[in-house]
Amino acid sequence: MLPADLPGTVRDALLAPLVDHHCHGVRRDDLTRAEFELLINEGGSPAPPGTTHFDTPFGAAVRRWCAPLLDLEPHAPPAVYLARRAELGAGEVNRRFLAASGVVAFLVDTEPAGAWEEGELLSAPEMGRHGGAAADELVRIEAVERDVAETAQISVDYLDDLGEELTARAARAVGFTTVIGSLHGLDFDPSRPSRGSVIAAVNRRLSEPKEPLTDPVLLRHLLWIAIDVARERGLPVQFHTGFGGSGPDLHRSDPARLSALVRALQPASVPVVLLHCYPFHRQAAYLAGLYPHVYVDVGLALPHTAAASARVVEELLELAPFHKQVFGSGCHAVAETGYLGALSYRRAMGAALRARLGSGEWSVADAARVAHMIGSGNARRIYRL
Amino acid sequence: MLPADLPGTVRDALLAPLVDHHCHGVRRDDLTRAEFELLINEGGSPAPPGTTHFDTPFGAAVRRWCAPLLDLEPHAPPAVYLARRAELGAGEVNRRFLAASGVVAFLVDTEPAGAWEEGELLSAPEMGRHGGAAADELVRIEAVERDVAETAQISVDYLDDLGEELTARAARAVGFTTVIGSLHGLDFDPSRPSRGSVIAAVNRRLSEPKEPLTDPVLLRHLLWIAIDVARERGLPVQFHTGFGGSGPDLHRSDPARLSALVRALQPASVPVVLLHCYPFHRQAAYLAGLYPHVYVDVGLALPHTAAASARVVEELLELAPFHKQVFGSGCHAVAETGYLGALSYRRAMGAALRARLGSGEWSVADAARVAHMIGSGNARRIYRL
Amino acid sequence: MLPADLPGTVRDALLAPLVDHHCHGVRRDDLTRAEFELLINEGGSPAPPGTTHFDTPFGAAVRRWCAPLLDLEPHAPPAVYLARRAELGAGEVNRRFLAASGVVAFLVDTEPAGAWEEGELLSAPEMGRHGGAAADELVRIEAVERDVAETAQISVDYLDDLGEELTARAARAVGFTTVIGSLHGLDFDPSRPSRGSVIAAVNRRLSEPKEPLTDPVLLRHLLWIAIDVARERGLPVQFHTGFGGSGPDLHRSDPARLSALVRALQPASVPVVLLHCYPFHRQAAYLAGLYPHVYVDVGLALPHTAAASARVVEELLELAPFHKQVFGSGCHAVAETGYLGALSYRRAMGAALRARLGSGEWSVADAARVAHMIGSGNARRIYRL
C-alpha cells in the first residue's frame, strides 16, 4: 500500500491509528444494487441507461481496494462485488471496512449527508464499536434547529430553545458542524442579524417547520448562536465547503467566501474547520495559513478522487501549514467511503513524503512528525480529545 | 507516441478511430505568416514586437509534432514550417492533418470560432472528405438567430421564424451549440423570460440586426426555444465554457454558473455538454458526476496546453464519471489544432492509463474499455450516431 | 540544485543571472524568533500555542536550503537556525542570501508588503549593494497618494499634486505597482471616475488622510492618473493579484476580474503585469495569452510553495506564452524569501525543461532560449532595462 522505500519511522507514522475528525454514520442495512449505486453518487440520481455509477473513480477504487476485504479478487465486477456484499451482510461488511480503516477515534456528524432517514445510519457509538475505536459526536446545528422549529409553538420558545438545545447538545459533543453552504451558499452576510429581523423570520419559519431551513437571516442567527456556544465551550465549528458543501451552486461554496466571517471570529479564537474544500482546497490552504484559528481537510475528495487523490493532497501541502491540516475520511453512506478515505490519505501522504525525502527536501524525522500531526495530532489538539 | 509498455488492448483502444464531438471548420486558403500567427492565438492580436505566437505551448507543439507531417524535422523553425506549409498548399495540409487525426466522425460547429467569414472555412462535409471520415453538423443557435434577425421585418416574424428555423436546422443536425458565455457570461438568469420582455427586446433587436446578440433577454429566449426543440428531438446542447467560451470575463464562464439551468433541464433529460471548461474543468467534472444529463470535455485545452495536457486530462479524470467524458479536439482555424487535439488526447490518456495500470489501480480490461468510452463510445450514445 | 542530466546550455541558461522584476526591501535589523515567525507568515498573527510558522512549506525550505548558507546542516532546527542568524547579524545574512540569489537587477517595490515601517527595510540601492546587483525602483501608487493626502490642504491641491508627484516619481522609476486588490478587491468599476465624484471623494479623504485608501472612486482615480503617466512614459503597471494581493477576500483578487480594465488599456499599449496570481495563475496565463500587453509571474508562490513550486510553475507553463512570463522572487520581509524565490524558480524551471527535453517535446536550443527569456530577457524588454 505504501511505497516500499519509505523509512521505517515514516511508514510507522503513516500506518499509526488515525483520528477521523469528520465522518458520517453509514447505512446499517443490506443494500440492493440500485440503492448502492445511488449512495455512491453525490447527485442522488441513477446513472443514465446503459451506464453505471461504478464507472467513476470511486467505483473503480471500490472494485480495486474494497473487493479484497470481501475476499474477492481486485477489480471484481460490480455484480460480483454486490453479491458478495449481500452474502456477508451489512453488519459484517461495515465491521470489516471500519476496522480496516485503522482509525482510533471517529468524530461523527450524526446527520446524514444525504436525504435518507437518520435511523438507517449507524450512530456514533455504533461507528466506534464496528471500527474498534472511540467515537465522539459532532452536532449538526441545522438538525438542532429543525428539532426546535418542529416543537416550538411561538417565536420566543424558538429563540430560547435554540440556545438551550445547542448548549445541551454541545455538552456531549466535540464540535459543531454546519451545512450553510448547501442550504444557502457561503456568500452570506457575515454579520450577526438584528433581533428584529430574526423575530420576523422566526414567525415565517414556524409556519413551515418541516421545510429545510434556507432563510439567510435564520441561518445566520443559528450560526451565531452556535458560535457563542462554541466560544464558551472551546469547540470548533466545521463548515462543509467545496464539492462536499455545495447546494445551489458550486462556486458559492468556495471557502474564500467565508473570509469576512473568519476575520470576525479571530478575536474570539473559535476554531474554524474547512471541510472537503475541493476544488477550492488551495483557497482553503491559504486561509489556514493566514489565520491562526483556521483548519482544513480534503475529506470527501479522498475517496472520490481515489486513484488521483495524491495530487489533491499534494496541492493542499503546497501552502497549508502542517499544524493546520487534519485527516478526515469523508465517510458517508457506505463504509467503503471511510475505508477508501483512510487508504487514499495514507497512500497520498506516502507518495508526498517519499518525494520530499527523495529530493532531500525534508528530513526523515520531519516527515514522520508531520505524518503524525496530520493523521491524529492536530485533531487531538483542536478537539481536545 | 504512446508509452511503450502499454498492453496491446489498451494501445489499440487508444489508437482506435475517435469521434470528435466538437470541432470547427478550418481555413481553406493559403495563409501568410501574419495570418497564421493571428489564427493560433485566442486573442486575435499580433504578438508584441520582437516576439511571436510560436513561442507558446501551442506553437512549440506545432513545430514538434506537426512539422514531421509536412516532411520536416521536429522543432523546425517557424519560417521553415510556414514556407513548407505554403509549398504544399492548404488543401494538402488540411488533408494530411485531418487524416492523421485518426477521427472517424467529425461533429462540426459550422460557425467560425473567431471573427472571420464563414466561406473561408471548410464545411462539415468538406471536413469529413479531407479527414476521410463521416461528418455531422452542430447548429450554433446564435447564428440561426442572426439569420432570423437580418430577415425578419417585424417582431412576430422574428418570433415565429426563430422556432421554425431552429426546428428546420435541427432536423439535419446532431446537436445545438451555444456561445452565450462569450456573448454575455454564464451568469445569466436561468429562467425562461416572459413573453412581454421578449417582445420588447425583439423590437430593439430588429433595429440593429447586424450586431452580435448581447441582450440577455433574447439570449435566454433563444436558448429556451433551442432547449424546447432539443427536448423534442433528443438533441444535446453544447455550451462553450471556460477559456473556450469566455467573452467579457473568464470567471463568468465557469460552468458552475450553469448549475441552476442544469437543474432546470434535468426533468426534461436534455443532455448538457460542457465544452473546453479549462481552468474550471474540475468544476465541470463535478457537475458531470452530479447530474445524469451533464457531459464534459476539455476540447480546446488539448491542443493549447499541448505538452502539459496530460495534467489537464488527469484533473478531469479525478472526479468525472468515465461515461460522461467525451473527446473533442478543439479543432478550429487551422488543421494543426485538430491534429494536436487528437494527439494530445491520446498521449494524455495513454499516460493516465499507464499510471493506473502500473500502480494496479485499474485492470487492463477496464483501461481499454474506458479508452473506448471516452474516445468514441460516449459520443455515439449521446449524439445517437 | 538542478537535474544532473540537463544539457550544458540549458543549465547555463538557468544559472545565468536573473532579473527580479518585483521584490520588496527586506528587514535591515536583527530579528527575535517571534519577529521572524511573524514575518514569514502572510497573516501576521503568531502560530497557535504549541505550533510554529516553521511548520509550513516555507519554513521547511528555510531549514533545508537556507541553513547551509549560514554554515549549518540542512534541516537545522528553528532555534539553531535563528541563533546562527543572530550570530551572523542581519547585514551579513542579507548579503549572503541576496548575493546567492544570482540576481543581476532587482526591481524594488519600496513600499513594505506588510504593516511595518519603511525605514526598517533596505532601500532599492541597498538591495542592489547587498546583492551585488543593479537596482531600480517600482513606484507604489497608493504610497504616493498617501503622501499627497497627508500634505494637501484642499482638494485642488490633492488633485494637482497627485499627477505631479506620480510624474516626478515615475521619472526615476521603471514601473508602477498597485495594491488595489488588497485595498478594495479587483472587482472595481474599470471606468475612469467622473470629475464630480472624485472631487466629492477627495473632500472626505482629506478629513482622514492617515487612513489606508479604500474609497473605490479615489482608488480608481489614482489608478487612471497613474495609467496616464505610464502611457506617456512607457512604463508598465504591476497589479498584486491572487494570494499576494488579497485584502478582503481571496476570490476578489482573481486577476480575471481585471479583464475589462485590461481591454480598456489595450489601445494605449500600457503593459499590465499580473503579480503572484496563485491560485489563479491559470487565469492569469490565459489573459497573458489573450492580450499582447499582459504579463504574468507567480512571484510570492515560489518561496511559499517551495518544495511544491514545480507544479505551480508547470501550471503557468500550460498556457502562458513564453515571452509573457517574468521571473519575480516574491522577496519581502526577510532575505530568505528572495533566495528561496530564485532557487525555487530555477529548480522548477529545471524540472519543467528536463521533462520537455526528455519526452522530445522541445529542442535543447529552445529550452535554453525560453529559460533566458523568462529569467531575464522578457523583463529587460518590458521595463526597458
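Letters are used for the chains, namely A, B and C, taken in the order the chains are written, and counting of residues starts over at 1 for each.
Keep in mind that, in the parts below, a residue touches a chain if its C-beta (ideal position, glycine included) is under 8 Å from a C-beta of that chain, and two chains touch if they have at least 3 such contacts.
The model shown is predicted, which means the values in this text are computed figures rather than measured ones.
**Q** What chains, if any, are shared contacts of chain A and chain B?
**A** Chains in contact with chain A as well as chain B: C.
**Q** What's the call on chain B versus chain C, same or different interface residues, using the half cut on shared numbers?
**A** Under half shared, hence different.
**Q** State the superposition rotation angle between the two copies chain A and chain C, fitting on C-alpha atoms only and giving a multiple of 5 degrees from 0 to 180.
**A** 120
**Q** How far is the middle of chain B from the middle of chain C, if each middle is the mean of its Cα atoms, in Å?
**A** So the centroids are 36 Å from each other.
**Q** Could you list the positions in chain A whose residues touch two or more of the other chains?
**A** Residues of chain A touching two or more partner chains: there are none.
**Q** Give every residue of chain B touching chain A within the complex, in rising order.
**A** Contacts found on chain B: 254, 256-257, 259-260, 266, 282-283, 286-287, 289-293, 314-315, 317-319, 321-323, 356, 359-363, 365-366, 370, 373, 381.
**Q** Under the touch definition given earlier, write down the residues of chain A that touch chain B in their complex.
**A** Going by the criterion above, the answer is residues 41-43, 45-48, 50-53, 55-57, 60-61, 64, 74-75, 243, 246, 248-251, 278-279, 304-308, 311-312.
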